[in-house]
Structure formats: C-alpha cells, structure tokens
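By written order: A, B and C. Residues from 1 in each chain.
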Amino acid sequence: MPALGADMESGTLAEWLVKPGDRVKRGDVVAVVETQKGAIEVEIFEEGVISEFVPVGTEVPVGSVLAYVGGGAGPRAAAAPPIPKPPTIPPPKPSAPPLITAAPPSAAAPSAAVKITPVARRRAAELGIDATALKGTGVDGSVTLADVEAAAPAAPPAPAAPKPRAGFDPAEMRKAIAAAMVRAKREIPHYYLSHTIDLGAALAWLEHFNAAQAVPQRLLPAALLLKASALALREVPQLNGTCTDGVFRQGDGIHAGWAISLRGGGLVAPAIRDADQRPLADLMAAMRDLVQRARSGGLRASELSSPTVTVTSLGERGAESVTAIIYPPQVAIIGFGTILTRPWVVDGAVVARPVVTVSLAADHRVTDGHIGARLLSTIEHLLQEPATL
Amino acid sequence: MTDKVRLDRAYLHHLLRQMIRIRRFEAKCVELYQAQKILGFLHLYDGEEAVSVGVIETLGPGDAIVATYREHGQAIARGIGMDRLMAEMLGKQEGCCRGRGGSMHIFDRKSRFYGGNAIVGGGLPLAVGVALADKMAGRNSVTACFFGDGAVDEGEFHESLNLAAIWQLPVLFVCENNLYSMGMALERAEAETDLGRKASSYRIAAASVDGMDIIAVEAAARHAVAQIRAGNGPHFLECRTYRFRAHSMYDAQQYRTREEVETWRKKGPIVRFQSWLRDNGLLQDDDIRQIETEADAEIGAAVAFAEAGTPEPVEELERFVMMTEVPA
Amino acid sequence: MSEAAATLTYREACKQALRDALKADPRTFLMGEDIGRYGGCYAVTKGLLEEFGEERIRDTPLSESAYVGAGIGAAMAGMRPIVEIMTVNFSLLALDQIVNNAATIPHMSGGQFAVPLVIRIATGGGRRVAAQHSHSLEGWYAHIPGLRVLAPATVEDARWMLAAALVDPNPVLIFEHIMLYNVEAPLDPAVTAVDIAHAKIRRAGSGVTLIGYGNGLVKALAAAEQLAGEGVDAEVIDLRVLRPLDTPTILASVVKTRRVVIVDEGWRSGSLSAEIGMRIAEQGFFDLDAPLRRVCGREVPMPYAPHLEDAALPQPADIAAAARSLVRPT
C-alpha cells in the first residue's frame, strides 16, 4: 500500500485492474484504492509478473503488501532476504589509494557494526522495518535502499483494526483535511507575505495568444500564474520541498500541487509534475485534466503523494487574497486572489490596471521572510515577461 | 585649459578652503575613531593636502580619478559630499558605498572616482584601463592616478607605466612621495630614489615638485594635464610631501624622529600657503576664521547626517556581490 | 539550408564566438599576450587582427597584472573587454587584479560600478608541458564570490558561452581546456544561445551519477560508455558553471541515482570536488545509498613524462572503477 499523502495510514482496496499472473511494467495502473481523499489509482514501479492479491475490500496499512511482483511466473517464493556476500578486500593498486575500505569481519558484534545508507534508513523508517536486522549488499556491506525494499513484504504489518469500508465518504475526507490542517497549525510556524502584481502585460499577452487558438486550446490566467510560480521556485528552491523532523529536503523537481475544490465539499491538491518544465499549453491541459479527474474520482496515487509545493487560486471565488495553511510536510503554499481592476501608478500617472494579489505561507523553521519575499518578487518579474513563461 | 595658475583672490581662497576642509575633516575622523564610531584602519591625509587639491583642481568633470586607501583628501577635493563620506565611515547605508567600503574604499560613480584601493599599486592597472576606455571611446578625458612611494616598489607600477606608454594613454601618474611606505624609508626601499627617473625609463615625461606648495603642485599638474589632453601620452608627477600623522591612526613611529616630523610640520601646506597669502595682502585673519567656521559647520552637519543614518539590513549583505545589471 | 549540421572544432567555435562578439558590439575588444600577430598561443585568435585591426586586437607585453587590471578599469569605464591569459598558471600573476579588484569592486562600491569583463584562460593537463603550464586551478577561482566561472566542455558551449558571458554584468572567467581545442563536433544550427547558470545532464541514467567539467566531462562520458557495456546506466552531469554552482541539478540527480562519483582534474585537497561532495552531504544526505566518491588529479606538480602525466590525471578507467565500486560493491 503506497503512501498517498502524509496523513494517510491505510487504504481500502477497491478494485484490481489486472489479473494474477499478468505481466506488469513501470507506470501501469494496477488497482484502485479508496482513501479518505477518494478513489485513487495505484501505479506500479516494478517490472514483472504480479500475483498474490489482497482481496477487494480489505483495508491495508500503508507499507504493507498489496501484491507481489516477481521476475518469473507464478507466486513469489519464500520471502528470504538476499544473502550478502562477505566483504572483500580489494587488491592493492600501485597507482592510486584504495577506493574501498574493507569493513572488519562483523561476527563479534553484528548489531553495532551494521551500516545503513541514509536513504535506506529513511525508507526503513517509512516502512516500519528494522534495518539493522537486514543483511546489506552495498558498499562495505551496507544496507541499501534495495535491501530495505526487498525486505518490505516480510515486515510485520502495522497493527490496524481491519475495518472494511467501501465508497468515498465526505465525512472522512473532512476529517483528513482537519487532521492535516490541525497538524500544520500546530507544528508549522507559518509566516505570511503578500504582494500585489500588475497583470497588464500578462493579460495582454494572453489575449493575443488566445486570439489565435481554438477554444479548447485557450489558456486561462491560472496557467500563467502556476507557471510563474513554478519557475520562481526554480530560483528559490528553498521553498520547494518537504520538512520532516525539522530537516528540509528539496523536491526532486517542482511538482506543484494544484488545489481543486470538490463538488461535494473538500479539496484535493494533486501534483503537476515538473510544472516548471512544461510548456503553457501542456500545463493548461494538465490542469483541466486534473480538475476533471479529481471531480470524477480518477486521480492516481503518485499524483496525490508527490507535490513539493501547493498553489491555490481562489480567483473564481471572488476572494481578493488568500492566507493559506501549508499542507504538511510541504513548506510553502502560494495563493492567488481574484484578478481585479485597480488604480495603479505607472510612470507617475494613475491608471486602471488588472492586478492580482499573490500570497505566500511558508514554514519559518526552514526559511525566513527574505527568501519568501524573493519568491514573490521573482513571480512578479516573471509575470512581467509573459512571453518567456 | 591654460597651464597658467589663475592667481586671483577668490581662487586662492578656494584652494586654501579646500585644504582646510580636508584637514578639519581628518581631525573629526580622529575624534570619531577614538569614540569607536569609525573602525578598522584609518589612514589620514594631514600634511599632504596640497597634492590632491592642487592636482584635482586642474581636472574637469569628465576626467577620472583612481586613488589609494589614503583618499579622503582626493574624495573631498573631487567634491564628494562630506555627508556621504562620513556616513560611509560610520558604516551606514547612506554612505557613498552603503557602508561596504569604509575609509579605504571610497567610490563615486557620478564624479568618476574609481575608488580608494587598499592594495598598494593595485589602482595603477585600473587607471590604465579607464584611460584606455576613454581613448577608445573618443572621450578627451584624463585619468589622474594617485599612489604613494611604496607603490613604486610593486611590479604593477612598472607594468602599468610601460603599458600606458606603449599605448600612449591619457594617464597622469601622481606619486605622493611622503618618504615612507608605512615604516620603510624611501632610501632603504629604493636603489634609485629619484622616482622620476623610473618613469623616464618608460619614456614618460616626468616632473618633480614640492608637494607642500600648492601653487607648485597646481602649476605642474595643470601643465601635465594640458599635455596629456593634447595627445602627448601619459605623464608622471612626483609630489614630495610628508605625512604628519602615523601610517594608520597610531603607530610607535620608531622609523622617524619627532624632530623630523616637527620640521615638516613647520613647512606644512596650509601654514605655508596662509603666510604667503598674508604676506601678499591676500588674506585676513577674518578670512581664515570664516573658512574654518564654514568647514566646521559642514563637518558637523556631515556627522549629524551620518549619525542619523541607518544600518543596511543584514538581509542585504550579499547584494552587489553579483550585479544584476551594469549601472547606467 | 537544411543540410546536416556542419562540424566545427572547439578552437574554431571559440574563434567564431569572438568574431561575433567583436562584430556585435563596438565596445568589445581583445587584449592578451600574442593574440595578434602571433595568432594566439593556441591559435584561437588567428586571423582576427587582420579582420579587426590593432585597435581592437591588442597584443600586450608580458604584464598579466597590468593588462588584466586594464581590462577591469576599461570595463568599469564602459567597455566590454575580453582578456586572454595564455595558461592558468600565468593567471596567478594577475591574481591581485582578479581577486582584489574585479571580484570586490561591485560590492565594495555599493553597486556603483560593475565589472563586465570576460577573461578567457586556457587550462588543464595532458599536453606534456609539465608543472608550470598544466594545472587545473579553476577551482580556486570558483572559491571567489563576485566571479562567474565557466568551463565549456562541448563545442556548443565553446561557441555560445562567450555571448552570454558578455551580457553578464559580472566578471566572467571562461576556462578553455587545452585538450579540447582540437575536438570536432557537429553544431546544432537550431541552437544560437546557451545559458550560463545551469549544469546540464549530458547523458541520462539511473544507476550512478558522474559529475565532471571540461576535459573531465569528456572522460566521464567515456567512462559512462564503458559502464553501459556492463549494464550500469550512468547519468553524466556537465557542471558547465563552476561558480555559482548549480546545486539543484546535482541534487535532483542524486535523488534519481543515489550514487555519485565526482571527477575533478584538480588536486583533491580543498578542491571543487570537495565542495560538491559537501553540498551533497549537506543537502542530499538522506538520498544517498552509497558513500560519495571522487576521482581527482594526483597531488603532484604535473610531471612531464607521458606515463607519469597520464597517471596523474583522472582517466576513464578510474572513473568507471569508482562507479563500479558503488553499484557493484562486492
């Protein structure tokens, strides 16, 4: 069961989209899981033959097995961890210092000598696995990420009352949002900045661009705002990522969670991966697709678990500005209000201009106000040159 | 521009006023240093005022200046406001360099003041480059490059004079020879103490003047600047002068005697010029009092401005490390 | 014309870039030792004197400090000079001007003066010219705030980095590796500009990240080919910009491969490779699945004898071995 959000503890298997014995490859959608946020498709990240399915309707803790994917046909053999080879001492090289330092034989005090790589340690904690009990296959016999993941199916399932539940429950979603927001307000010292930006150039460009497009291809201002935000985060990467146990980890890309309100109440913020690298048309299409799928319950697992930042626009709801709450473990949320026509001073004269107020809520444990201000001013600069977006 | 000094009363008073402004500004710096408002190194100009005033008086607004870490005199003579200078010394963002340069690194773009420079000899190549740019751009400008006798020991002096000579660049090299590079006496540092001969060896026209005589400095500089502007290549002007105070604020002064300092003080540029003016009926006691009063008022206002200045926010610390544009 | 892209040497790419710059901006001129009548120590500037004249192609005396300093002064006074230093070892004679003036004046003057100067410096070992012409000291310059330091490793970067450097308001040092001047490659006619802010992934992979620049990049790519034959899929990052370092690109690759080998022809102690390794340790620690590895120049003054020089420099086999030790440790 993949983690589909920071606050998810378990999910209920709603449907299998493959059959036991099918060959699956990375990126295939194999199952639908019901969570507090709705029905979410589960992608697979391995290649091989899938077997030993958890029955439909079972509630499964995060990190526990849904199915096995093996290299060959048929069910998986015994879940034995890979057998490590003993560390070897490389032959001395006359022309260079030895690259590998051999570990001493670890027979005497095995537990003290276990080496676990940083990422393996992190993953083991996520999966609730005791990595010190594993045999390592990495450098100096270290326990690697692969070792941990190989051991994952054998890990004891977390204690959780199996309580089959079917269908999407708005009350559960409300509870999940409540839990996330309470945690955010309790743990994250927010700071807030806002800045009002002249959108004259951006909207003029947009009008010009859209004039040449068929209706379905036309861009909404939100696409410009999202792209500018993503590009700005490239300049200010300190606000793109997550904070766990007080340690900031930069995102492996700019995956912007786009906040979408659901018709029945509640909201989701699925990720648009690498939003900074997508052309505007592509971004617009992705936003439309996400809204449609979010409202019909067809979001994928990876879309919900991977945002590195959230962007929200309450423009169509008529709010002038947003003071948002960060979605943990992210460290920032960018909010846009309604685009309004306001008196604005240009070259010393007051003129009517379309403006938007962009706000930032950010985690003060990992950044300070001047970083946040840099983000907002970068967004402003980018929106003054819409052709470069 | 002519190379004759205009000896009218108003101009002579102006020269005196400039020297007194510098002298009294430096005195105020000492006071503020003792009060720990000015920090770090502080190299004072007492005794050398005739050099900067005499030379800079002959420059036009399109000309350029490159100076050293003992450059308060050049900055004031060039017309940089005492308020911005003092704010710089106090490390305030209202200072001419927003508190990043301090006493040794005064810059002013508007008046083409290309810096104090605290690397001995480090300014000479810059001056060559500024002059090269002016020449290539067809601007008939002169770059006055100030440096001390210590810079003559540096390779950059020799490289720069040679380069300026082979390219016939409009540079006036002004050597403020105050006889000591810090504590190293000229005759101990130089095999050849006639510094003009070094310049001559690069086929640069060289002159040597009494740097305690503002009229002599002014006349020699005026002549050299006219020659340079006429396209006759770089010139070298040695001004023999003396530093009344320590190298930087205080030192034990074991490299020179008290008597030597006293002897030089008696022929100081201000006292000497004042008595010459008096003897010729060009200056009354009231004139001096008025000049001093005005200078003190200006300095007082500059200190008040600097004290009221604000510290640059620490968030701005890294600003200007990498420039985002070339200033217009 | 839509025919196949023409090939070009790195040397010719450098020259075309200079020619473009001289044509594009009358404020641009060249200064350096033997760049004019002699044609340039590495023949990069050959022919430019005839084309642009002595006023703009300025042969200088052997006075690195004076002519580099003059470049700084001219840049402060409105020109866009390009200064050539024959080899990085000679740049030490101009170190005062580069470090004490070019890098400090914009900040020290409170932003009143910029120094839009480009300094081209030949660097690196491999030409059997021993210990006073062969070192890789660009890491020293990458230590200095106020400088931008570039290392073109491809013909494309040799062709287009200069134009971007001339637009930069800061002093930019371009290190051209002496082993690359004869490298020939097709030039994509669609590319007419490159950025000078980001590293670039020259080969995408998932098994291990190799990070290099200059000739080290070329060797890392060769190592990646070797590794591919063994089923190890290496990602190769061309640093391109040695200062300011593009840390996000490095960290993103670490997240992907979780294993890193840094290639640096410079000496290991206090090197650029040390800085990169430390940034990964600081910001990518929890993404690592193996210790960091470096393949650096051996800590000796560069020897003359070919077998000794080859042993002193990182070679593709060393890089492949280091990568192998991370991917298949036992």
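Here are a few things to note about the model shown:
Just so it is clear, a residue touches a chain if its C-beta (ideal position, glycine included) is under 8 Å from a C-beta of that chain, and two chains touch if they have at least 3 such contacts.
None of these values were measured; they are calculated from a predicted model.
Among the remaining chains, B is positioned farthest from subunit C, on the basis of C-alpha centroids.
Comparing per-chain C-alpha centres with the mean over every protein C-alpha atom, the closest match is chain C.
If each chain is reduced to the centroid of its CA atoms, subunit A and subunit C end up 36 Å from each other. Chain centres here are Cα averages; for subunit A and subunit B they lie 62 Å apart. Annotation: 40 Å between the Cα-based centres of subunit B and subunit C.
Residue ranges of subunit C in contact with subunit A, taken from their complex: 248, 251-252, 255-256, 258, 283, 285-291, 293, 298, 311, 318, 321-322, 325-326, 329-330.
By the touch criterion stated above, subunit B contacts subunit C in their complex at residues 64, 66, 95-101, 105, 107-109, 114-115, 117, 119, 122, 124-134, 136-137, 155-156, 159-160, 162-163, 166-167, 318-327. Of all the residues in subunit C, the ones that touch subunit B in their complex are 27, 29, 55, 58, 60-61, 63, 65-79, 81, 96-97, 100-101, 105-114, 116, 145-146, 148, 169-170, 244. Interface of subunit A with subunit C (complex): residues 84-88, 95-96, 99-100, 117-122, 137-142, 144-146, 234, 237, 247, 249-250, 252-253.
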